[in-house]
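One chain, chain A, appears in both complexes that follow, with chain B as partner in the first and chain C in the second.
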Partner chain A sequence: MAKQTRKRHAATGKKLQGLAQSVVKAAHAKRDPGIVIPTRALSNSVYDAKRKIITMGKGSQTRTFFNLGMARKFMQTMLIASGCKELNDQGKTTSIRDLFYHCKHTIEGTRENTFDEQSESDPIIEDLEVAIGSLREELGLFAENKGSMVGPMTIVDAGDTIDLRRMGSGGWSVPSIVESDVIQFRKHEARYVLLIEKAAIWKRFNEDRFWDKHKCVILHGGGQPPRGVRRLLFRLHNELKLPVYVLTDNDPWGYYIYSVVKQGSINLAFESERMAVPRARFVGMSSFDVGRFDIDSSVTIALKDEDRNRAREILKYPWFADKREWKREIEQMLKTGVKLELEALSSKDFSFITQTYLPRKLKDKQWLD
Partner chain B sequence: MAKQTRKRHAATGKKLQGLAQSVVKAAHAKRDPGIVIPTRALSNSVYDAKRKIITMGKGSQTRTFFNLGMARKFMQTMLIASGCKELNDQGKTTSIRDLFYHCKHTIEGTRENTFDEQSESDPIIEDLEVAIGSLREELGLFAENKGSMVGPMTIVDAGDTIDLRRMGSGGWSVPSIVESDVIQFRKHEARYVLLIEKAAIWKRFNEDRFWDKHKCVILHGGGQPPRGVRRLLFRLHNELKLPVYVLTDNDPWGYYIYSVVKQGSINLAFESERMAVPRARFVGMSSFDVGRFDIDSSVTIALKDEDRNRAREILKYPWFADKREWKREIEQMLKTGVKLELEALSSKDFSFITQTYLPRKLKDKQWLD
Partner chain C sequence: MSKKASPARKGKSKSKSPRKALQAESAPPPKPPAPPRARKSAAPETAESMAVQQKEIAVSEFFAKNRHLLGFDNPRKALLTCVKEAVDNSLDACEEGGILPEIWVIIEPANGNGSAAGGEAKKTADAPLTGLASGKGGAKEETQPSLLETVHPEIAQSVSTSLANVTRFRVTVRDNGPGIVKAQIPNIFGRLLYGSKFHRLRMSRGQQGIGISAAGMYGLLTTGQSVEIISRTGRKKPAHRFELQMDTRKNRAEIIKDQELANWPRFTVSDADAAPAEPEEVEHGTEVRIVLEARFQRGRASVDEYMEQTAIANPHAEIHYIAPDGARRDFPREVNEVPASPAAIKPHPYGVELGVLIRMLKETKHKHLGGFLQKEFSRVSLKVAQEICAKAGLTTLTWCSQVVRDQADRLHAAIQGTKIMAPPTNCLVPIGPQQILKGLLKEIKAEFCCAATRDPAVYRGNPFQIEVGLAYGGQLPADDSARVIRFANRVPLLYQPSACAITKSVVDVGWRNYALSQPRNSGPEGPLVIFVHMASVWVPFTSESKEAVAGYDEIAREIKLALQECGRKLSLYIRRRQHAAREGQRRHVFERYIGEVVNACGKMIRVNRKQLYAELQAVAKRRTAKADERFDENGNPIRPGRDELAADANVVVIESNAPEADADAVVPAAVPDADKPKAGRKGAAAKKSRAARGLFDENEGQ
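For the complex of A and B:
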């Protein structure tokens, strides 16, 4: 294990141990053991207008042992913490499904299982994350790899030096744990990072070697980017001072992808500080592009009711509401009644997007902030 | 473009041109132009017991222009072929969604679109594949990358030399086009290939460096392996003479994954010859493992009706039906009434699967054929 990893492991291990010790201490003092868990809910999320990110408020709940409604969850929380401690001691990582199985068993002398379904253990993991202030990645829990990256940059991944200029057609598969002890940045000539919504469009950019011509890192998250991709974006932006551009479809889902990258999400408000990139810029498709780039109306798609409702919701988000340009943009979508996919640009030419569309947008600074 | 790629492109381009020429010729001769399309249906798939793969029968249908029920599809087939020819001429690859957009437009002077939904163009692509005998990968159409690979092997991907021994935690992302002009095998010390059903389990094998200790290539397909992973398995098996082992959950879905890898699928019967690995061996979880490895009953999962029905269906497949060991296996699942996931082994220890379970199975030759 690398020195930095040992250090991170030790810090997380200590927090887990601290949790256990507080319970033991309460037991010895004949007090009801309890764990303070910050509340993960819309009611406890706040938009920090100064920092421009969504953060978690100060609300919390104490989960105690001698409470019929909480005893099962208390036991489960301690089991999950204990499983994470084992993982930590062994210097390993695993999936949340695997941890569920690791912690599942029938309690001796009963027919009661510690966990019945994974839907019980997943929220307990989130509880633990906020209770001890360690992201799940720090607890050694990974999600599936989703997303690829290439560009004029060398990185180190788990000790292996990887040249992202020579990744062939497949690209480097972005893992879900990208903390600085696992992934390090080395020599690079990148001037910015381009986050592309879809894998298929990313492939067009890779095949056309856009990253080489324009000296940028290209990255996709297979739709809504997973935590690993967001954390990596954050690190590229903050450590290497690279501007971040986001290229999505022209639909409310695309707006939302941008919103999460930029401000964080309500769901995972406690992670915004380590993932959100408030200075990210939107270079995704705009409802005005139909006119700007003379796009055939046959490749537009009529909005559905859910699109209209979602667009209106997004318009009300405090971080969109006070921006004139965004208001104009979303209102144009509602007015024209259509949305557009990035692939629609292929009705002109397969490489229109890499050769004309994005270069012109970047040159003309035609982005939304 | 590499010489080999040029050659493949030229061959596919010629086939597309041939299709167009036959239509032009018919028009000049004042005959009704028609395209012969082999039938892709259960009724036209055959299990070739000698070669042990599912193949396409001889049934076909002629799609003609002067037929009210076929004219639209005829036009669409020619449009898709024309789009593929453009792609071919430009030496590019793209997604089937992109091709849909490329071919979509409103027919001049009408309100009729060439295609309304992608659900119209996708089957036309499959028609074209069988009509001219070119896999979609040869037509330059890719699917999303799904699957990762590492192992003691060097490969070349799109001209870049990639050492699969040094891929960090993420691994090499397997592209969907892995034909020999894109991917070449170089120096390796692999003794076999292990196909793992799930990404999360593959990560356990990668983190524990199973591939290094046991000198094997480890590969996953994120569930049912996509065409790229299957084609790569086929090439590793046939070109490098590496045995293939398949590690799946103990459920009918796991059986089916193995079945498709081994014999091909009814759906894509025309591809079996280039994808099926009839000598693949099943080292997935067995219903007998509960006893063999002393697995706690709390981590088994009760079969649902759909599991039972699916298991009985699979039992009737001709390529399972005549195998005593498989009969015994599937009947044991039905008898015990439970299934098992690979993650269940973590109830013993996080690395039980890499350190005890699979090594013992391979040593004892405890596989199904």
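For the complex of A and C:
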């Protein structure tokens, strides 16, 4: 372990102990124990216009023990904390699913479980992260791998050198923790990074060896990119100075994915600083592509009410507020009333997307910023 | 009323021999009286031939045939009616005499030898007996528990099969009232429509002068046994004993025996242990003994329940009751004050019906209309009398005897159209909230009790007053609908609940406002007894059998207002209790988690787990102090501080009857409807915050 890492490791252990200490202190003073948790909600997210990222505001909520609505969550937070402390003590890491099982049991004398579903423990982990100001990886936790990458680049993953040019059809699976003590970049010829929304489209790009031809790293996050993929993007962008392009479906969800990559998310606003890529560019698909590429109207999909609401919501995001092209883009979608999937381009040709669509868009600089 | 009975048929039935009649009685399936058949073969009647059959029918004979009008429709009800008539009379007599009532009710099986009455029966057997008595076979009917059986299931007893098959009972009712003078005894017990209460408008249990003689007549008709009366009017007077039968056609008593007694005979009860306490010497009082054909049953609308409810509405009475199986129940006296004697009033003109007006005009001793109106009615001044007469096109000097039918009609209309002051209401003697509370609490172990007596009001010129009492929680069953117990002039009404204005008003009240659940078109649910009493100089019953109160708007309105007044107090209490229960549950939730939190802390730092546990528990306890508010460490009740309920004299809260605020205790069965919107609100809030976070599922935590 690197010296710096070791230091961080020890600091995390201390913070966890502090949490336990505060409970003991409060009980001793006959007070209701509480954990201050910065609020992870829209109401407490601030758009930093200068840095162009979403950051967390100062709002916080105290999760107290003896409050009917909070008691269970308080207990769960303490259990997660103690689980993380054990990991910390033993110098191990584990998956968030594993931690869920580690902390799950039936409360003595009852039929109630400490946790019922992993969906209960995952947000508690995020709460703990913000409460003690330690990131998940510092707590020794990781999520399942999600997302793949290939490109003209060599990296080291946990000590193993990996040539991303020889990853076959599946690509290198992006781990959840991609910090520099795990992943190091070596030689590469990449000129940019392309983040693709879907695995299926990414496969087309890999099969057509787009990355080789255009000298770029191609990456997908299986929909909404997980923290590992976003962190990796951030590092590629900042350490290797590679521009980032985002390719998504033409629907509000696609806009949203781009928005998260670019500015960060509301829920994980505390991570924006180390994950958001404010200069990421949106290459498609655009509502104007229908005209530009003469796409048959039969492959468009009518917007649902839900889509419309989401689109309007995105229009109101402060980080899109001063961008005229974005306004035009979203209004065009609302006007035409249709959305498009990336696969719609296959109506022209299977490789239309890799051979014509994207090269032309990049050449014509037809992207949104 | 005598017109109702067909004279032609009467003549027919009379030809039945006594022997035949008795056989008819014992033959199992009772035949309904045969409908009049068109006699094809017989020669048509002529006015003359019919005239032979046309004759006066004695009232008593009429009632013998129409006994259902008086509550003797079936053997089970007959027993109840008999007891009720005797007990009501006793209570009336004691109160009129200013005596604290002590009443003994003894019911014994009198089957033994069915022929015991044989000899005597002949005398009266000319009365029509068709369909009397035999009842619905020997099978026991399913019955619901009586009021107190639901509260104290331990007293619930089933009627043994042998007792269920008994068809003849001896009912003895004794009181310590003023007694009856010797000369009146045969009239009172041997003649229908002979009483002291009919010719006055005064609040009392009895009204018509039929009650006890009808019971005696029913006994006589069904068993042939004489009615036995012992009465004594004072220490210096001897007791008299009568055995009476009655001539139903002459409406006259036949004195079988008339003795002066040196000593009042003591009760003879087969089981000595069950013998009721009785004084050495009965200085004054009356004892009535009737043998009748009947069936004994327990549960709803039984004699048992009548006794229970009578005790509740008459906490000043001490009642000893011995059921035919020897089961003895004593209802102690809770109030040592005889209710004030109500004053009699004259009828108010608004309440008089046309027929009554015509009869009064005929019977009045006043010559002129002016005097008649002023003297026979209340609230009629000379001016009012003049106004009425003028409106009817008559004068105050019109002779009463000269008022013809359509003049009477106009007079009746004129009365309704004239503004007349409301009748005096000092003639009403309500039970009073304090007495109601005592009455309820002495029989029902409730945890909350409240009562209200409304101010007097008037319907159709008759003053009346409504009282309501609520008994809640404690030992009352939680999962049932509330029991409504109805009273008119302190007499329990056990039949025809659905026809009664009281029941209807209970259904009309929105009990959900008072923290009780209430299914559509029914009363509230929960551990609740609703006591409603109507006091009036004239209770408007829906029928002669005095079972249900008629639904005049004014009455329904007063009942509802009284129910609402009590409902508000009850809801205060229920909400407070629900709150305490919730606090208790809350602590339970906290306590569940304390162990987990202590262990988690213990894994992270060195800590004295035991101490931490205790300290956290102490904090939890303090945070939920409300749950403990009502009990100290020993579980003794702690008087609540000044609060609305505690300050209300008409509310009694008995903490020791309340379930412990134990966390595992079920939250009061009364589903707190009030809480539902709260849950809804919480859901809405959750939705809102989700919306605030954006429409996207921010599930990128991975």
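The rule we apply is simple: the second predicted complex is superposed on the first by the 295 of 369 C-alpha atoms of A that agree within 3 Å, B and C clash if a C-alpha of one lies under 4 Å from a C-alpha of the other, contacts with A are read in each partner's own complex, and residues count from 1 in each chain.
Operating definition for what follows: a contact is a pair of C-beta atoms (placed from the backbone, for glycine too) under 8 Å apart; a residue touches a chain by one contact, two chains touch by 3 or more.
Note that the structure is predicted; figures quoted are calculated from it, not measured.
Visitor: Considering only touches as defined above, state whether A:Asp157 meets chain B (first), chain C (second), both or neither.
Guide: It touches chain B, and chain C stays clear.
Visitor: Per the contact definition in the header, classify A:Met75: touching chain B only (first), chain C only (second), both, or neither.
Guide: In the superposition, A:Met75 contacts chain C only.
Visitor: State whether A:His28 touches chain B only (first), chain C only (second), both chains, or neither.
Guide: The second partner, chain C, only.
Visitor: Should A:Ala20 be classified as contacting the first partner (chain B), the second (chain C), both, or neither?
Guide: Second partner only.
Visitor: Once chain A of both complexes is superposed, is A:Glu144 in touch with chain B (first), chain C (second), both, or neither?
Guide: both
Visitor: Could you look at A:Pro225 and tell me whether it touches chain B, chain C, both or neither (first, second, both, neither)?
Guide: Once the two structures are laid over each other on A, A:Pro225 reaches chain C alone.
Visitor: After the superposition on A, what does A:Asn267 contact: first (chain B), second (chain C), both or neither?
Guide: second
Visitor: Kindly classify A:Glu126 by the partners it touches after superposition: chain B alone (first), chain C alone (second), both, or neither?
Guide: second
Visitor: Looking at the overlay, what does A:Glu86 touch: chain B (first), chain C (second), both, or neither?
Guide: In the superposed model, A:Glu86 contacts both chain B and chain C.
Visitor: So which bits of chain A does chain B touch that chain C touches too?
Guide: Common interface on chain A, chain B vs chain C: 86, 144.
Visitor: Would you mind writing out the residues of chain C in touch with chain A in their complex?
Guide: 586, 589-590, 592-593, 595-597, 599-601, 603-605, 607, 612, 615-616, 618-620, 622-624, 689, 692-696, 698-702
Visitor: Which residues of chain B touch chain A once you look at their complex with the stated criterion?
Guide: 86-87, 90, 92-95, 97-102, 104-106, 113, 142, 144-145, 148, 156-162, 166-175, 177, 182-183, 199-200, 203-204, 207, 222, 296-299, 341, 343-347, 350-351
Visitor: Across the complex, what residues on chain A touch chain C?
Guide: 16-17, 19-21, 23-24, 26-28, 30-33, 41-43, 65-66, 68, 71-72, 74-75, 78-79, 81-82, 85-86, 96, 107-110, 112, 114, 122-123, 125-126, 143-144, 146, 176, 224-228, 253, 256, 260, 265-268, 306, 309-310, 313
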